[in-house]
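Quick notes on the structure that follows.
Which chain is which? They are A, B, C and D, in the order written, and residues in each are numbered from 1.
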Amino acid sequence: MAEMWINMGPQHPMTHGLWNLRIKVDGETIIDAEPEVGYLHRGIEKLCESKTYTQIIPIADRLCYGASLSWSHLYCVTVEDLLGLEVPPRAEYIRVAALEMQRIASHLMWLAAYAADLGAMIGFIYSMRDREVFIDLLQALSGSRITYNFPRFGGVAHDIPPNFERDSLRACDYMEKRLKEYEDLYEGSKVFMLRNEGVGLLKKEDAMNLGVTGPSLRASGVRYDLRKDMPYSVYQELDFEPATHKDGDCYARFKVRMDEMYESCKIIRQAVTKMPKGKWRTLAPRNAPEGTGLGRVEDPRGEGVMYVVGDGTDRPYRLKIRSPIFVTVSAAPKMLIGYKIADVVAIMGGLDMCIGESDR
Amino acid sequence: MAFRSKDFLKWCDEVLEGILRKSPVGSGIDYVTKDFFNWATRNSLYYLHFGIMCCALEMAVASAPRFDAQRMGVIARSTPRQVDILIVNGPVSKKLKPALRRLYDQMPEPKWVIAMGECAISGGPFYNSYSVVPGVDQFIPVDIYIPGCPARPEALIDAFIKLQKMIKDNKKGLLTGK
Amino acid sequence: MNLFEFCYGIIHWLVDLVNHLWYWLGDHLPRVFGDFFNWAGDLAVSHGNIALFAILAEAVIMFVIALVNVLNFIWIDRKWMGRMFDFYGPYYVGYRIGGWLQNLADGIKLFVKEIITPAKVDKLGFLIAPVILVSSSVLALSTIPFSPRFGVFTSDLDTGVPAGLLIAFAFFAIAPFSILIAGWSSNNKYTLIGGMRSAAQMMSYEIPLLLCVASVFLLSGSFGFLGVVNAQHDIWFVIPLFLGFIVFITCLAAEVEIQPFDLPEAEAELVEGWTTEYGGFRFGLFMMTSYLRGYVGGALATALFLGGWQGPSIIPDEFWFLIKAYLVFLIIEWMRWSNMRIRVDQILNIGWKRLMPLAMLNLLIAAAFKTMGWF
Amino acid sequence: MAERGKSTGRPEEGLERAPSRIGEDPEERVIRALLDGFPNTVTDFKKLRKGVLRAKIERRELYKACKLLKDSLGFEHLSMISAVEYDSGFELVYHIVSYQERLLLELVTTTPKDDPSVDSISSIWGGANWQERESYDLMGIKFNNHPKLERILLPKDYVYHPLRKDFKG
């Protein structure tokens, strides 16, 4: 076969969202690649300039459908930085518990898509089934399944529902049991290891230089987790260890995410048991002062940053969103070139694409 | 006289079409087969594996064990040539619009469109954005609207049932179209 | 009485009925016409003609049974999948019989869909590929007997199709060509890659498959179904040739393109593989044929290794054969739903570097058994 | 743009890793190195909170400063490039992170309205490539020496830069 360009997307089962990967192949080997995003561009940054600060929380939810709580939380952190607002400790603990639940749900979503990409329908089914456990918990907490609209400036919207602590602990126990089963299912499978080990290598220097963050960075051997290294909520009071792996291939990215789910279970357990009594919300002023605010959190997909410029009114002058996936995708050609077409699904699936946040 | 196989096929088409579509034979066949074909069509709805935004997640959940849309014969296929339903589950940006229209055109008749969620119905929270088409029905005919932001999986299954009812109500013969 | 005699009797009776009409006409018409009708009647009643029609009738019966089998197969497959995936499987369509009608509904729906021939395809190839695939698979199926008395036979002697297994494998091996034609003529990059993969994969798995079959031929000393199955009267070949059975099942999975080896229609990377541009009933034919080939594969494995229709005579032989074929199919499906997909270079590695030596070893074992005179 | 050729030239020779003095805070080391390297162009040094610094720099020295940050001060990661439009001109905010020292530096540079262009730093940090394209796409800021400065989020034939304040709907 001669060399040819193949468009994978925007409608393609590999993409999990709206983007286009143009690859140039020689037979089955990839010799050039070029991701193309923007099919889901909604102009959120412009939209936010015409909305009040409070109205933006639901929109921030819709940035990423896989981990929406993490984005509305990031927005609230950013505006709290602008307002100079203190958050009561109970609210912080509720947030941390909810965030880690969201992280597990998001990683399970990733696992489902990853398994389906590699051809194991059973992995898709199991992950989707267990994801419902955490979705139920978050639904009890906030009232909706995907877009929660839960954090507020200076706290959270509601207190926790009754029996939340018991249910969370149960869910963690269940999840840890299931995670062991997943490890048997995937790592016990020779085919899975054949498809993942040594595929999509990303060296440490390249990962840092190309701006890859989150689990993909930690899988390349850089131990950098904002929860640990620049703690933003009550993470410094909790005991956990960010998962790292030194290989930098698809298996390392898989392993890091699996380990992160264990760590998240640990964090949820500590957060719900240590949760102090008290207020869960403080009142925030309507108008923000002039100045800038910056929020950085560890999203399930990487480092999410928001930068807000206030001008003294009740609407932001400018809101800039840094999406981890947007930058990570630009590093994709580095990982893709030299591998086979079938490796595209393993490599791009291992990055955990979420186009909602990437296109904004 | 050159009468090639192509001409023969064309002639066959014309004569058979004439006989079947206009004479009582066609309506007779339709009368017998209408119910059967309609039953088959409404009980085997394949939808396109095509995710846009939040509702795509709920679409995936609807085919997972808890909600299990497969028991009704609803299956996802990846290519538009083999599907009956296009589920538009998110805002359609101006960059996407030609691609989506093309996907719709590639689907074989009979086909239906489900607008899932506020974004597909009217643009939702992004209705006044510079890059979002306010509602997918601006360029594609929509049969079922599911409100919700995002619509829950139960709502999607309800939409499938409503679509089945709709297909049953608009019973049409294969040949005469009546 | 076997199926041939049954069909022969029915055809004979029908021909007799018609002939009575002919002769009656010949008696009552003027002389020239009467001679003609008498001549026609004499011609029709000859043994060869009736046998020919009897074989055709047999083929039709086998085909209908195969279609019903395919419906059963898809239903069992989906229920089995549902059991593993926490699903019900098909449930509502015909819920009194466990959702059995779902596949019928799927088929009929595909039949009434619009048939699209995309503008830029190669018309001849695009149209002829499904025909080749379906007809070769059905021909492969038609050689397989369910029991010594139920199958396509050419005479009332219990020999079956001479060298039936060879013919079955010959027809079974035609499929890659039609897939390649379908992939190339669709004028789509995904289908092209799918077709290429399919050709490479099927060619390379054909050889270990046939080597395993050769070992069975060696032990049984026959090329026909009846000879092979009768040779397993004392011991099923799966016991001496266990290695060959494993290799055979693996190659079969690759031949019928199911999951660890379903690269040609790899859903995640090549949208739907070589069927991407096919819609409507043509796609339905492909779908049906893939299950049909699964059934043929199960039946071949049954006949070659699992003793065919032999079993305790509580239930008829034909059902023993079907049960075994279904079981083999379910095992392959189990592999399908719990495994991941292998990459294309790895699949060729496995085929040439692992399965090929194992198949040769298996052939050696069979030869050793034969020279020691145990079979 | 007289300074353009100068500022985007070869990597600065002779820049060594700024030696840390005993007992010196990494934050102070960064401040000292930047102020020493660019005494006239770096202004408004502020420490916002622990681990977060903010500095202003003139745009002609941006490339050199980034080179210094990457090569000698160990800022491995470019987190975000944000463009903000004010009445006086555009402001570009670079958030640069040091994994080693757990530092975040907000490097602010401004461009006038009539000539919104700065030097591209995508040859220093590969991650800047798409972010600069995004800033070009949405805000219309030109990045000199960028390998492929095209629209990325919006269609290729789009004519506006939607995040500018004079763009309405």
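Here is the rule we go by: a residue touches a chain if its C-beta (ideal position, glycine included) is under 8 Å from a C-beta of that chain, and two chains touch if they have at least 3 such contacts.
Because the structure is a prediction, the values reported are computed rather than measured.
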Most distant chain from subunit D, judged by the mean position of its C-alpha atoms: C
Between subunit C and subunit B, distance of the C-alpha-averaged centres to the nearest whole Å: 34
Centroid distance [mean C-alpha coordinates] between subunit D and subunit C, Å: 67
For subunit A paired with subunit D, centre-to-centre distance based on mean C-alpha positions, whole Å: 26
Shared-contact residues (touching 2 or more other chains) in subunit A: 12-13, 38, 41, 43, 46, 125, 129, 359
Subunit B residues counted as touching two or more neighbouring chains: 65, 78, 95, 128, 130-131
Residues of subunit D whose C-beta touches two or more other chains: 154-155, 162, 167
All chain pairs that touch each other: A-B, A-C, A-D, B-C, B-D
Complex interface listing, subunit C residues touching subunit A: 81, 84-87, 189-190, 192-193, 196, 259-260, 262-263, 266-271, 337-346
Subunit A to subunit D touching residues, read off their complex: 37-38, 41, 43, 45-46, 206, 208-213, 222, 224, 229-230, 294, 296, 303, 305, 307, 309, 317-318, 320, 322, 326-327, 329-331, 359-360
Touching residues (chain side subunit B, partner subunit D) in the complex: 94-95, 128, 130-131
Complex contacts: residues of subunit D adjacent to subunit B: 154-155, 160, 162, 167, 169
Touch list for subunit B against partner subunit A, complex: 48-54, 56-58, 60-61, 64-66, 78, 80, 90-91, 93, 95-96, 99, 103, 125-126, 128-132, 149-150, 152
